[in-house]
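So that we are looking at the same thing, I have put the structure below in structure tokens.
The first chain written gets the first letter, and so on, giving A, B, C and D; residue counts start at 1 in each chain.
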Amino acid sequence: MSFSTFVTDKAGLQKMYEAIISKHETYAPVEKFGKYDYKKVSSLKECDPDSPIAETMSVKPLFFPRSSKIMKYEATSAGTSILETDQDPLTAQRVVLGVKHCDARGLQVLEAVNKWDYIDSDFLKRRENTVIFSARCDKAGTHCFCTSLDYDLENLDALDIAVVNGAEGKIYLQTRTERGETFLKEKLEKSTMYNVQSTNDESEMKKQYVAFAASFRLKMDYKDINEKMAKRFDSPAFEEASRNCVSCNTCAFICPTCHCFKISDEKIKDTGVRYKSYDSCNNVYFTLEAGGHNPRPAKYRRWRQRSMHKFVYYKERFGVNLCVGCGHCAISCPVNISIFDVVNHIASTPVGS
Amino acid sequence: MEEVKDKIVSIEKPELLAPPDWKPVIVGILCNWCSYAGSDLTGTSRTQYPPNIRIIRVPCSSRVDPWFIIKALQTTADGVLISGCHPGDCHYISGNYYARRRFLVTRELLKMVGFHEHRVQFSWVSAAEGAKFAQVVKKVTEDVVKLGPLHLYKKENFNK
Amino acid sequence: MARVGVFVCFCGANIADFVDVPTVVEEAKKIREVKFAVDYKYMCSDPGQQMIRDAIVQYRLTSIVVAACSPRMHEKTFRKALSDAGMNPYLLEVANIREHSSWVHQKDKKAATEKAGDLVRMAVAKSIANEQLHEISVPVTKRALVIGGGIAGIQAALDIADAHIPVTLVERSPSIGGRMAQLDETFPTLDCSQCILTPKMVDVASHPYIELIPYSEVIELNGYVGNYKAKIRKKASYVNFKTCTGCGTCWQKCPVKVPNEYNMGIDKRKAIYTPFPQAVPNKPVIDAEHCTYLLKGKCGICAKFCEKGSIDFKMQDEVIEREIGAVVVATGYDLWDATPYEEYGVGRYKDIINSLEFERMVSANGPTGGLPIRPSDGKVPKTVVFIKCVGSRDKAKGIEFCSKICCMYTAKHAILLHHKVHDSRAYIFYMDIRAAGKGYEEFVNRAQVETGAVYLRGRVSKIYQKGEKLMVRGEDGQLGREVEVEADLVVLATAIIPYKTNPALAQLLGISYDKYGYLSEAHPKLRPVETAKAGIFLAGCTQAPKDIPDTVAQASACAAKVCGLFAGDTMKKDPMISTVNNEFCSGCQNCVQVCPYQAIVTEEIPLGHGAREMRTVAKINEGVCQGCGSCVAVCRSMAINLAGFTDPQIINEIVAI
Amino acid sequence: MDYSKQIQDIAAKLFADGKIDVFVGYRMNGFDDNQIPVVITDPKEVSTLVFTEKSVFNLSNYLKADHTRNKRAGLVVKGCDSRSLNLLLTESQVKRDRLYIIGIACEGVVDDKGQKMQNCIECIVPDAVVYDEMLGNPQGRKDYIVNADIKALAEKGLVERREYFEEIFENCIRCNACRHSCPLCYCAKCCIDQETASLYNGSNTASSAFHALMTWSLHLAGRCVDCRNCEKACPSHLPLHLLHKQNEKVIFENFQNHLAGVEEGERGAFYKYSLKDPDDFIM
């Protein structure tokens, strides 16, 4: 199937967004306390699809909620019965506006693990029924390093519709998946109000990508990073790197690819709810066993686990890194530890020292 | 039984109407030596009070962790009453003085985050003040009935 | 999984009339953990308890909920039923559906039933988190410390020692005897005070189980019931008691004269002295504040004349320690200073004296040889006005309470005055005559009839000098007119107050005291002898004003309590106390701050398995902890929990409503 | 306010004299003009140390970590940081004889955008209260000012306040970064993570956030020194200081002007009492 490219202007795009919001269940970055989080919106005024990357939360919670209800149950002397399961079955199509490329890529990376031995149908269904419009990324943030990872800006199929700035106020819309293609085509067929023209000229878009790629402060050669990391399991650099860490767990909670969770029951009287909620491998109690033994009691070990999982284990298992280079962790870290620096530093230390 | 009038709204969330059969639930945490004994005296003297309070016995008001109040508000309670010995009468010498400090701070904090101040109330009731206990319960119940059901930060599976 | 049995009581009609008991049982049966629920007419009766015992065995129950009257009523009864069935008694929870439901919601059976159902549900939820608890045994040091050597301390010490329990008796003055030794005769029988007291004093000195430490004070008390450690400071007496024979040469020769406390300052004693001739021990001490040698390094006459060479000016205060199991506090009373009564001219007129000064004057061994005199001119008074309730029952100027003994001793004083000065007349201003006691009313009547004492009901408004006389103006309430009495001597029955060091003593003992300084008993009616701190008991006027019979009775009661405490080698203690989970304790020691009993100490434990680095954690002293839970609420890391009222138990109750 | 040179010299001397094993200070973050904390064990790294008005993070937080807790450490503290350090000392978490404290007479620090922090504008104790060596000119104690946000909130109606805080609790993602970055949250296992609490609040819902944040703020009541480490750490940028400032205000106004960690050996406001504490809110 071939995908199409359209060109429009800011007013046209806004009109289109308005139309989408009025028609579909739409999510977009909404500002609160200076931070943007993806929330359901009822008008374009409430949100900002071009929110600054440094102040925007990951889109992950729309697919893997911070807390999802597994089931609601009742336990009485008559026995235990399940009252409800599955938090939101999500049958209707929904739209998310203003998703950063890296963020969308995170969802793609996560699909692998969700399709693995246990199939998380909730996650997959949510992705299946969601059309993602990208944000107009045109300048890299301080901590961005997405281009350094195995990641192709021009052919990214993690998002459904790429929204790219062109010259002279032109905005390009490019469908990247079938879902995006169908959705956008249908929209454009129904209305002609969006100043949209089909185009085959992708040169301006390409130019934009090149400019974007050049704006990165952080760059590294990612090709052999996995190998280098794998050899440095015993590197003392982990201890050094983790020294500044205050174990606050923020990095994991805002990461677009972290997917550790815990199960908790909240029972009041006879009814209980079982939740699946985020957790972090940086948490000292994450690996605490019931018998009292903790295989990762020291901070650097938890640190190593997180780095190795992102750059070695996941890659070995699924062929991709569990990091998309969004830099959210470095931004949110109270002491500005950047995983980019850490991985680079570790990879550059001598093996076996 | 406190009569519930037909239109009661939750004071913190005026958009929510109380169901017609709504009855407030008040969690009462009482110290063993004064207030619990006082509440027993209310019983022995057959003084009547509204039946909405559910009493929990603790040894001393100083045993009451503000956490209990938060927990009660999150789950079952529309109102909370905490009662201990009068200052100077603590069976454990000084427990209620420590409790008093915590209560003031907790109350002010809850007020700030949007709970009406009558949601959480405190009293000193001695073992001899059976009549006072009945009055206190009556006042707290009447107050909470006026405030309507509590809908703030309730647990999802809480439905009473 | 928990298997809970629920037993709902009808309490005859008390519960059943206002709560639909079968509905409560049905509601209980719906709870997942409830495996058995039943109702019965009287759960506390023998058949009722038998039902519990049977069900425990038959249904393999793991905890029991009894829905009946207040747990303050029958918790112990039902706990015993559980023990009898071989179950840990602390697995019981009582739902109070009588005092808290049926009796207070008599007009609304539906609501009362619903509430009873909720109370049962809460008790079930709590009981699921109940843990097996075991009574705590605390070893006991079988030695009692008696503080104060007045009649209360003497009696307590003798009674305890007679039970072959060693006693350490600490007295602050050089001799035991206390206030009673200052009295002449005692009401209502007019026994000679000295005659009945001195044999007891001698008994104390010679008793094999009593260690008498005079001229000393308790300065520190640590530990807990059965295991106290007391520090006692023996003040330097500068006299070697071992060699001193008490011959008396030293105080005859001593040139320094000091107001005599024993005689209320009416006459003088020497700087080396025994308080009174019958003192026990009958050995002199040197008053360091007045001794010329000790102050200026000159004199030393006593040492020159002492044949035994017992005077030792280099003697120092000495601190000794005693391990003890129980304490009896008997520090006695003092007289209130009547200076605030300006209108009486207290302090201005020499011929106004207080009752103890009068007592000393009329005493056969007193400074005046048993004759009352006017301090101003030494003349024998003919008209004596006694004023009662000076300071007592006077919220504005003095103290709100009644001093209890003044009515009786004033009557006694009237009689004594009559005996000593036959042609005298006593006028007694009073508010009420409180003569409740065996033979007391008769005694007051006797005073009135025998001596012709004039009882005038009313407060004295003013006393002023007129020539040699004191004019006492007051009101005769019965006649409703003002009266004025021309008096030679005025005796004030001033209020009696606890000894001034009581608050400091209470603080070092860790017990409470009231606003007047009286030490507080654990319960005004049912535990009048105990304090809130286990193992510390109160005797005599340190707790409240008392006459001699009451004091002696309370002292004996203390002795009985002490003997009871020491009856076994160990003591049993309620297990509902705090415990520390070392894993979570971060050692911030805020709990140590708030514990009213100093029951929390710290200990060092290894940082981890086999680690050399140590960390500090809190440790509860089981013997001292009274189970208030103050520490639990301030423990942020939830490392401390209070057995019987743990966080899970209380939270379970809250969410079960 | 630039004490970089002095601090470098002091740290170098401490290492040279063998007085410390680690030094906790600030260094440039390497990509803009902001600073990050640094834990130095190698004397060679001393030259990276800086201290300016960009030295924001409260370093006493690092004393609860494994690699400093039982080591001899040197560190830099501003007024607020020294108060939390004081409390850590009082609550027996660190040993004074193991520390070498460089106190700063702080003139206030600025946030990422260069704005003076609100807590510095309202600062009461700008000078370090516990130190071995003081840098800068002590300014003395300042008057207590009620937090501007608290004042504004107090004027709002009940419903408005409720709506505002509901948003705070709904936007909380329960990452617990606030807790971990707080120097005074040193518990071996936080009560929120323990079974008793988490049994009913394990989820990341607003209700659980309400429970966690309220409990947390009450555990810091009378102890919080307003260093705002929590706010710096919060990925949702929640105004967490409101909870603490409210408690601080109530405690200051009602409990004999209690300020956390100012006096040596003084514990939090909940671990003592006065007979004069307000009683009028109790029936």
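Just so we're on the same page, a residue touches a chain if its C-beta (ideal position, glycine included) is under 8 Å from a C-beta of that chain, and two chains touch if they have at least 3 such contacts.
All of these numbers come straight from a predicted model, not from anything done at the bench.
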B-C compared against A-B, more contacting pairs
B-C
Chain centre separation (chain B, chain D; CA means) in Å
34
Mean-CA-position distance for chain B and chain A (Å):
46
Distance between the CA centroids of chain C and chain D (whole Å) is 48
Multi-partner residues of chain D (each touching 2 or more other chains):
189, 191, 197, 199-201, 205, 270-271
Touching two or more other chains - residues of chain A
266-268, 273
Enumerate the residues of chain B that touch no fewer than two other chains.
71, 75-76, 94, 98, 102, 155-156
If every chain is a node and each touching pair gets an edge, what shape is that graph: line, ring, star, complete or other?
complete
Can you check the complex and tell me which residues of chain D touch chain B?
150, 153-154, 158-159, 161-166, 169, 191, 197, 200-201, 205-207, 210-211, 214-215, 217-218, 221-222, 242-243, 246-247, 250-251, 254-255, 269-271, 273-275, 277-279, 281-283
Parts of chain A lying in touch with chain D, wherever the complex brings them together
32-35, 37, 55, 57, 66-67, 142, 217, 243-244, 246-250, 252-254, 262, 264-268, 273, 275, 277-278, 280, 283, 285, 298-299, 332, 334-337, 341
Would you mind writing out the residues of chain A in touch with chain B in their complex?
69, 72, 266-268, 271-273
Spell out the part of chain D that touches chain A in their complex, as residue ranges.
29-32, 34, 36-39, 57, 61-62, 65-67, 167-168, 171, 173-177, 179-181, 189, 193, 198-205, 208, 229, 232-233, 235-239
For chain C, which residues count as touching chain B in their complex?
70-73, 96, 98-101, 103-108, 110-112, 114-115, 118-119, 122, 512, 532, 576, 594, 596-597, 626-630, 632-634, 642, 645, 647, 650-651, 653-657
